[in-house]
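Labels A, B, C, D, E, F, G, H, I, J, K, L, M and N are assigned to the chains in the order they are written; within every chain, residues are numbered from 1.
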Amino acid sequence: MAAIDTIGTASIIISGLTIAIGSIGPAIGESWALSRALSAIAQQPDEANTITRTLFVGLAMIESTAIYCFVISIILIFSNPFWDYVTAMGG
Amino acid sequence: MAAIDTIGTASIIISGLTIAIGSIGPAIGESWALSRALSAIAQQPDEANTITRTLFVGLAMIESTAIYCFVISIILIFSNPFWDYVTAMGG
Amino acid sequence: MAAIDTIGTASIIISGLTIAIGSIGPAIGESWALSRALSAIAQQPDEANTITRTLFVGLAMIESTAIYCFVISIILIFSNPFWDYVTAMGG
Amino acid sequence: MAAIDTIGTASIIISGLTIAIGSIGPAIGESWALSRALSAIAQQPDEANTITRTLFVGLAMIESTAIYCFVISIILIFSNPFWDYVTAMGG
Amino acid sequence: MAAIDTIGTASIIISGLTIAIGSIGPAIGESWALSRALSAIAQQPDEANTITRTLFVGLAMIESTAIYCFVISIILIFSNPFWDYVTAMGG
Amino acid sequence: MAAIDTIGTASIIISGLTIAIGSIGPAIGESWALSRALSAIAQQPDEANTITRTLFVGLAMIESTAIYCFVISIILIFSNPFWDYVTAMGG
Amino acid sequence: MAAIDTIGTASIIISGLTIAIGSIGPAIGESWALSRALSAIAQQPDEANTITRTLFVGLAMIESTAIYCFVISIILIFSNPFWDYVTAMGG
Amino acid sequence: MAAIDTIGTASIIISGLTIAIGSIGPAIGESWALSRALSAIAQQPDEANTITRTLFVGLAMIESTAIYCFVISIILIFSNPFWDYVTAMGG
Amino acid sequence: MAAIDTIGTASIIISGLTIAIGSIGPAIGESWALSRALSAIAQQPDEANTITRTLFVGLAMIESTAIYCFVISIILIFSNPFWDYVTAMGG
Amino acid sequence: MAAIDTIGTASIIISGLTIAIGSIGPAIGESWALSRALSAIAQQPDEANTITRTLFVGLAMIESTAIYCFVISIILIFSNPFWDYVTAMGG
Amino acid sequence: MAAIDTIGTASIIISGLTIAIGSIGPAIGESWALSRALSAIAQQPDEANTITRTLFVGLAMIESTAIYCFVISIILIFSNPFWDYVTAMGG
Amino acid sequence: MAAIDTIGTASIIISGLTIAIGSIGPAIGESWALSRALSAIAQQPDEANTITRTLFVGLAMIESTAIYCFVISIILIFSNPFWDYVTAMGG
Amino acid sequence: MAAIDTIGTASIIISGLTIAIGSIGPAIGESWALSRALSAIAQQPDEANTITRTLFVGLAMIESTAIYCFVISIILIFSNPFWDYVTAMGG
Amino acid sequence: MAAIDTIGTASIIISGLTIAIGSIGPAIGESWALSRALSAIAQQPDEANTITRTLFVGLAMIESTAIYCFVISIILIFSNPFWDYVTAMGG
């Protein structure tokens, strides 16, 4: 039953690391964009609408990379083809 | 009973590291956005409402990546499909 | 009794590292926000109330990521399902 | 059945790491471009259209590198030629 | 008596590393906040009271993450449930 | 059948890492160029055409290094001479 | 007598590393605060008393994290419960 | 057939890493030069021709280092003298 | 005589590393404080006395962390309880 | 035939890494010089000739270090005295 | 004669690394203080005496950490109690 | 014939790494000096001769460290005394 | 003759690394002090004598840490007490 | 003949690494000093002689650390006492 061990262990390790590593970039990136947006609003209050709209479209785009990681992470936990094959083979 | 060892050990290690690593990005990111918001309020007190509103929407978005990590971490501890399978198989 | 060894050792190591690594981000992040708040107060004393209020709401949000780590750390020491299972199985 | 182990384990590990590592660059890059765009709009509101258009063309180009990684990651999980060969060989 | 070895060794290593790693963030963070507070006092002496009060509330909050680490460290040395179990089992 | 293992595993690992590592440089590089272009447009709107044209020629040149990596990555998955030789030899 | 080896070795290694790593943060942190205090005195000599008082209260707080590390280090050398148990057990 | 394994595995690993690592420098370098060129055009539009010409000569020189890496990478995959020798020797 | 080996080796390694690592922070920290003090004297010669006095009190505090490390290092070489126990036990 | 393995593997690994690592410095260095040259031209258009001439002499000098690496890399692949000796010895 | 090996090897390695690592901090620190002193003299020539005197007192304090390392290094080579014990025991 | 393996492998690895690592410093260093020289010419065109002359004398000095590395690298490949001894001894 | 191996190998490795690592700090430190001295002379030519004298006293102090490393390195090669003991013991 | 292997291999590895690592510091350091000298000449052409003279004295001092490394490197290749002893002993 060695395959259950290695496949399962690898799935657990990578599902966690994928979202952990993958959340660093977007979290920092979104905060940069957000903080620059706040400065821009403070500097040019009349353009607050344009700035906010551009900000949220951009944030959605950055968030998409976090969601790619979350999707891979959930796939590895709940619909992992390698694990399905191994458990179907009886290990 | 080797599978209990490796699956359990990996789950413990990754559940902890996921939230530990995953909290660095949001914690630093939120503090950047927050500190820039404070500067913006000091610079343009009249826009404090717009700035605060944009800040909290953005912080919620950044916090979401920390919550992704927390969710994966809790799943790995309390509803881990690999562990359930292994303990159901009697190890 | 190998499982007691590995499960127990992993729990100890990760409970410590989770809070150790997880406290770096919030500690540094809160200090950035705090130091920027102090500058903002010095620059715009009349807005001290708004700044302080926004600061403490933000700090609570940043502190939450440290608390996520502390929760996982305490769970791994005092109500660890993997350890409970292993000790219930007699090792 | 050693090949199932190593091929499967490597596929899981790399599919996760590829998107995790590959999302750092685009997430940070897009946020730089986005934050600079917000500054540019605040500085030159009359050019908001040109800036926004150039921004989104550029973001699509940066996003393309994240998509390369996502494509490789999905290929490694769902249409992996090495895994297909190994399972066809019966391990 | 292998369990005494591994559980004890891990407890010693982690109790030390937790406080060592966990003290870097707060020490550096508090010094940033403190140094910025000193600049703020030099810049706006009339607000020295507000600045000092906000500073100490914030420092207490940052210090809390160091104390989380110290608590885990002391628990691992003096009331470690894993060690208690192992010594109660006679090793 | 050891060669299938090592050759296949290495191909999977490297095909993923190549595009993951190779996408960091171009993603960050393109975002620098893009953000500087946006500043340049905001600063000198009359030169927007020259700037945009130079920008896209340059981006294509930077993108070329990402494409080199993608090409090597796809070659290693779908037309790998080492794998072809090994499977032709029957492992 | 393996337990004496591993427990003793781990105690020595960690007692040294704890104070070594734990002294980096406070040493650097205190010097930042101190250097900023000197600048503040040079800039606002009339506030030298307030600055110096705030400085020393803050330095004491930062020094406390170094003392946490020193305490753990001394405990591990001179009143180590794990070592006491092991030597009491005759190794 | 051990030589096929090690020679083939090393060729795959290095062919990928060479282009992956080797594309970081040129991608970042070209983007620096490009972004500075855009600033220069915005600052001195009359010299756009001289700047663009110098830029492209320089970019070609920087690109040459990426091409060195690509050449080595392709040689290692398709005309590798070590692999040719080993397969000619029958492994 | 394995215990003499491991205990002695660990003591040597850690006694050296403790002072080596522990001297980096204070050396760099003291030089920052010193260099800032020199700037402050150049900027405000009339306050040279106050600056110098605050400097030396602060330097003594920073030096204390180097001395903690030196103390642990000397203890590990010349009055090491673990070594004493092991040599008293005849190895 | 172990020598063929180790000598060949090392030659492949190092030939790739040499040019990969060795291209980072020149690529980044040349781009710095190039970007500074573009700024200099924008700032002092009348000296474009002197600047361009000095630039290209300098770039040739920097490129020389990349060429040293390329030469070593090609020597290790195509006229490697260690490999020649080993294959002449029949492995 | 294993103890001679390990104790001697560790002494050699650590005596070298202690002074090598321990010289980085003071060398860099002293150069910072020195370079700032030179700037201070250039800025305020009339205070050259005060600056130089404070500089040399401070340098002596920084140099002390290098000397701690040198002392430990020389002790480990020429009056190492562990080595003395081991050679006295005949290995 | 183990000595041929290890001596030869080490020579190949180090000959490549020496020039690869050794070219990073000079390549980056020369580009810094070159780019600063271009700025200096743009700022003070009348001193172009003095600047260029000082530049090339300095570049030759910096290049000398790259040449030290190249010399060691070539010695290790073509006139390696250790390899000569080993092959003379017949392995 | 194992002791000759390990003691000799360790001496070679550490003698080289000690001077290699130990030369980084002084080389960089001296260049900082030197470059700052040149700026100071350019800014305040009348103080060139004071600056140069302070510079050379300081450089000698920084150089001393490089010489500590060189001394240890030469001792380890030519008058190594551990090597003397081992060769005197006949290995 | 194991001693020839390990002593020879260590000598080769360290002779290369010593000069490779040891050339980074001086190369970067000299380029800093050189580039600052060029700026100083551009800023204060009348002091070109004093600046150039101080520069070359300083460069010679920095170069000395590179020469220490080169000397150790050449000693390890051509007059290595450990190698001489080992070959004299017949391995």
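Side notes on the structure shown:
The rule is short, and it goes like this: a contact is a pair of C-beta atoms (placed from the backbone, for glycine too) under 8 Å apart; a residue touches a chain by one contact, two chains touch by 3 or more.
Going by UniProt, the chains are A, B, C, D, E, F, G, H, I, J, K, L, M, N = F0F1 ATP synthase subunit C.
Owing to the predicted nature of the structure, the values given are computational and were not obtained by experimental measurement.
Common partners of chain D (F0F1 ATP synthase subunit C) and chain L (F0F1 ATP synthase subunit C), by the touch rule above, are absent.
Chain H (F0F1 ATP synthase subunit C) has its Cα centroid 11 Å from the Cα centroid of chain F (F0F1 ATP synthase subunit C). Remark: chain A (F0F1 ATP synthase subunit C) and chain M (F0F1 ATP synthase subunit C) have CA centroids separated by 48 Å (rounded to whole angstrom). Between the Cα centres of chain C (F0F1 ATP synthase subunit C) and chain M (F0F1 ATP synthase subunit C) there is a gap of 43 Å. A separation of 30 Å divides the Cα centre of chain J (F0F1 ATP synthase subunit C) from that of chain M (F0F1 ATP synthase subunit C). The set of chain J (F0F1 ATP synthase subunit C) residues touching two or more other chains comprises 11, 13, 15, 17, 19, 21, 24-26, 28, 30, 32, 35-37, 39, 41, 43, 55, 59, 66, 73. Arrangement of the chains shown, judged by which pairs touch: one closed cycle in which each chain has exactly two touching partners.
From chain K (F0F1 ATP synthase subunit C), proceeding by way of chain M (F0F1 ATP synthase subunit C) and on round the ring, the chains are encountered as K, M, N, L, J, H, F, D, A, B, C, E, G, I. Across the complex, chain B (F0F1 ATP synthase subunit C) meets chain C (F0F1 ATP synthase subunit C) through its residues 1, 4-5, 8-9, 11-13, 15-17, 19-21, 23-28, 30-32, 34-39, 41-43, 45, 48, 52, 55, 59, 63, 66, 70, 73, 77-78, 83, 87. The residues of chain A (F0F1 ATP synthase subunit C) lying in touch with chain D (F0F1 ATP synthase subunit C) in their complex are 2-3, 6-7, 10-11, 13-15, 17-19, 21-22, 24-26, 28-30, 32-33, 35-37, 39-41, 43-44, 46-47, 50-51, 54-55, 58-59, 61-62, 64-66, 68-69, 72-73, 75-76, 80-82, 85-86, 89.
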